[in-house]
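After this come two complexes, each holding subunit A, first together with subunit B and then together with subunit C.
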Partner chain A sequence: MISRFGPSRSTETPLLIGLPGPWTAIAVAVILAIYPLVMNSMGEDFYISMGSRVLILALAASALNLALGYGGMISLGHAAFLGIGGYAVAILAKSGIDAAWIAVPVAVGCAAAAACLIGAISLRTRGVYFIMITLAFAQLFYYLAISLPQFGGDDGLPMTARSVIPGLPLDGDLGFYYFVYFTAGLAFVLLYRLVSSRFGRALVAIRENERRMAAIGYPVYRLKLMAFTLSGGLAGLAGALLANLSLGVTPHTLTWHQSGILMVMVIIGGSGYFWGGITGAAIFLLLEETISAHTEHWNLVLGALLLFIVLVAPDGVMSLRERVRALLGRKPAGGAEAQSSIAAGEKAQ
Partner chain B sequence: MSQPILQVDQLVKRFGGLVATDHCNLEIRAGEVHALIGPNGAGKTTLLAQLSGELASDSGRILFEGRDITRLPIHKRVAEGIVRSFQITTLLPRLTVRENLALAVQARTGHSFDFLGTVADESDLDEGAEEAARRVGLLDLMEHIVGTLSHGRQRALELGMALACKPRLLLLDEPMAGTDPEESKKMGDLINSLREEHTLILVEHDMDAVFRLADRVSVLVAGHVIASGQPDEIRNDPQVIAAYLGEDETATENMQ
Partner chain C sequence: MLYLILEQALNGLQYGLMLFLLAAGLTLVFGIMDLINLAHGSLYMIGAFLAAAFYQWLGSFFPALFLAIIATALIGVILERLLYRRLQGMSHLSQVLATFALILIANETIKIIFGAQPLMIGMPASLSGPVELVTDELYYPAYRLLIIAVGLVVAVGLYVLVNRTRIGMWMRAGASNPQMAAVMGVRIKPLFTFVFALGAALCALAGALLGPLLAVSVGMGESILIPAFEVIVIGGIGSMRGALVGSLLVGMIDTVGRLLLTFGLKLVVDGSTAATLGPTLASMMVSLLMVAVLFFRPQGLFPARG
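Up next, the complex of A and B:
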């Protein structure tokens, strides 16, 4: 990994930890591009739409990861942004606007605007209060959705067809997969640039010590609000894609249960790791799919397995890389470096 | 006499019924080391937080170079050149010394809202970080994780963080807190070396250090300044002696 502060170092501090190398990113992109073709040739079209679902929720979880993992803002209300994105697309479709280039940006804009508003209020609180107030806002949107009959009320809002892109038929699983692939891919590139920019660095440092960052001149509140807004906008993008995948949106998307699932995905994947949201979403959805095929009580088994993962890797699956390295003693991740710097400190005195 | 760089005018801070800063007046001259002393609970830390912008004042004014900054948020005051350090070490312990200092430089150079900007050229951050590290004697520990450094070195970095912001007025909250005599002496020399380029407000309990370093001393009791002047005047001020005698005899002995 290339250090952004001069000479390279054996240790990865929280500013650099979990940023993907270019080869990993390219490998993942290539595998995901080939995946539906392989499934298609095997006649397993179900797994193509499953792939779309994983990519979409990976985007949603990564959006939450920006706020939760990088910014330290524990939001239990991200379902709101997912739902707002979905409802935006469905409402536009209902009123005859089905062009993707209009519907998707509108969905992102609505979700970002909602995040900006919710963030502006919520970010004045701390800790448990922040969790509760984001949850409360999400519930507000949930009750709004079920109480408005023109938005479908309890039943939600079905779509007769997917959004339209001239030249790319989205009705088939394969076409839609590539639509998701490129849209989410673009979002992941944006997220990567974001977390590795000076903005991202300031955000992580604020998570590490907000008081110090304020004292050296960072407009802490504005930076956090900006991150929260971007996070909400990206969750809205995922919501727009999700509504297209399932041909409609239901109030269930807005429930705190959905917010909780996104949070679980980030935590098992690795909060504050670039691949955290993606890995977490993939593990969660694949486990859910596999177990529910075998037993009715899949929730119980899934819960036990997730608990196991968290016990083995409290900082998420992506943190295992450093743990393994530290155990092997090859590339010390903190521990050995700490020892040597204490020794050096003593020597200097 | 030089112009006041900072003027505090009838400043008030209340916490419920408690008046922590009670119509406080204070004048800091450009280029001086101004010590702020007073018995425990006199309101030194509160006043410092009001000057840095962490605490909003209830009434009164703070003028920096003649301009009213009473309502400015912290980051705008830092941009004006007022920077504080903390009594309790407040660093980013999981990051390296270089990263800590570079963050302070980045705050000053801006671009923190530069979301997509290329990160190829970091030489400006590196230069600023190294300059600050050299100043506080941490240049050979740049790649070390801050949490692993000794307390004395963390105190030095605490000061280095403030220096990396290129302050004109530096607010030091007990820079010697918890250091051993040798570290304390080093810190004293360091502070002494800063007087050329910075104006300093020094809150400190170590009276030896205060009377050795300060050009002028102000004594804060119950939220307002009861005396301001040269160290010798303060040492012999009957009001000051009385204030300290009521609180802490050893402190009075130290002053004599």
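Up next, the complex of A and C:
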């Protein structure tokens, strides 16, 4: 029996589908830069911190997307890296080190190191075993966090103030938003460079056919480990920002429920699409915000929505464009996708 | 000390056997249907809640247990027909997400129907006292002995079912190669439904039996799901023998290991630190064991498929 793992697609997924054009990226960057100013002038400061939250979780989801969507590594333990980043910042703050230029890189480093270690062991297994072992590792960190009194136990670690950057006050919602905006923006540029590089293409090729890539001579294990480590490091960055946003971490950040939610975000947006994690996080948080305002049974709605997505549109929102195009072009879906891939390939050259 | 260890060993046996009830269903569903079911813990929770509801209605334990098992098995059949059948051909990622969605739906539905307060199931009066196992030294609750007995009976029953009956033969054939089994004339779809219903019934049995010991509450499914998964990964996915060995191993580590660790730590560090560190390390030890097993034997201790 052939083992199935990785996001399986009905047709072959072209490598470059889902990479943003320059104009889309610029437009999004400009809109996100103006957004808090508009909200500030309207006096809606709540929506500025909501915006920070969306950006941070968009980064976390995109980090997972690198491993899950591009690399085909179904990690059910990414909350661990989110939590490690958060705990690193909180512990440093508790011991008096609150300079952002120390705390944030340390958080990223810790998360990346953990990801490297976890990946090195987990990537020896495949399929379901990989899902389970990443889950087990995340549980390990969860148990560690809830039972060590130095880590605050069940209550987590509160922070008295946000990290400090000379010249930029982060305590206000506006200042913090721009801190997140630039940090996450940098990470997204890095992610874009990664997935459009040779490394990114090799990663996608490994997802599509690992055995063939190994036969051609690519160091499959090493490439996957690199992607997993980078993914963990970026998730750690998101965790560091999240701890700053909510002024502290709780063990809840480390639960497998949180890992599941990150995965849900990626799937809502579209795994393996550059905008997938970002769109997914935005849609998820906006839905949560609006639906929770009307009913306390948000999880019920989320569950139903998720079932619908899995059964009806497993490729997420970002695949809609191709689906619509395929419908309008009156061609079979495969043909349209293949054509757009050729077009994309020509553009790239 | 010896009796303390003995008592913890009995607790470990009891916990391990209950884990086995879940792990057996999980490993069967995975091995035969090639399906990751994260919502297996939800069936356990549903079984416990149904048992609590029937108990409040009937006021008597064993009929409530029986009805809860039947009802949960029926829910299992419905779920298999409506949802799991569709998920079978899908990727593992889709299965993880869909069953994650089921957990959310199940938790929220239970909360709507029964409220957020935990429910209690009363113990049958005849079993509520302790039993004297060793004169004046070791008393053990009769009810826990009943759980151990039921667990052992079910384990033997499952062994006979899988290894000595025609249905069991189909199940083993389905686990090792579903297509071949179908070609050789095994009616695979009703078999899947049966296996799923059996898994659900075992969940309900575990949930209802543990009801009087734990509070029946929303989220109880998740707390036992992770150990159950660890059990089947340690034992080898799809292997019944692996599930039994894994369950007992995990059960023992969680109880006896905890005791010995706390005791051992007390020799090294002071008492209060040992008391907090012991349980932590014990719960981490199960995960560490799983990691170690996967590291050295990526297919688990008893791989089901050659």
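Just so we're on the same page, the second predicted complex is superposed on the first by the 309 of 349 C-alpha atoms of A that agree within 3 Å, B and C clash if a C-alpha of one lies under 4 Å from a C-alpha of the other, contacts with A are read in each partner's own complex, and residues count from 1 in each chain.
Definition applied: contacts are C-beta pairs under 8 Å (C-beta built on N, C-alpha and C of every residue); 3 or more make two chains touch, one makes a residue touch a chain.
Please read all numbers here as calculations on a predicted model, not as lab measurements.
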In the overlay, answer first, second, both or neither for which of subunit B and subunit C A:Tyr143 touches. second
For A:Leu194, using the defined touch cut-off, is the partner it touches subunit B, subunit C, both, or neither? Pick first, second, both or neither. first
Subunit B versus subunit C as contact partner of A:Pro219, first or second or both or neither: first
Applying the document's definition of touch, where does A:Tyr273 land relative to subunit B and subunit C: first, second, both, or neither? neither
Going by the contact rule set out at the top, does A:Asn209 touch subunit B (first), subunit C (second), both, or neither? first
So which bits of subunit A does subunit B touch that subunit C touches too? 4-7
In the complex, the residues of subunit A that touch subunit B are 4-7, 9, 11, 13-15, 190, 193-194, 196-202, 205, 208-209, 211-220, 223, 226, 230, 334, 337-338, 341-342, 344-345, 348-349
Flag every residue of subunit A that touches subunit C in the complex, lowest number first. 1, 4-8, 68, 74, 76, 121, 124-125, 127-129, 131-133, 135-137, 139-140, 143-144, 147-149, 256-257, 260, 263-264, 267, 271, 297, 299-300, 302-307, 309-311, 314
Considering only the defined contacts, which subunit C positions touch subunit A in the complex? 30, 34, 36, 83, 86-87, 90-94, 96-98, 100-105, 107-109, 111-112, 177-179, 222, 226, 229-230, 233, 237, 276-277, 279-280, 283-284, 287-288, 290-291, 294-295, 298-299, 305
Along subunit B, where are the residues that touch subunit A in the complex? 52, 54, 73-75, 78-79, 83-84, 86, 90-96, 98-99, 102-104, 106-108, 111-117, 119, 122, 125-126, 129, 140-141, 143-145, 147-150, 153, 161-162, 164-165
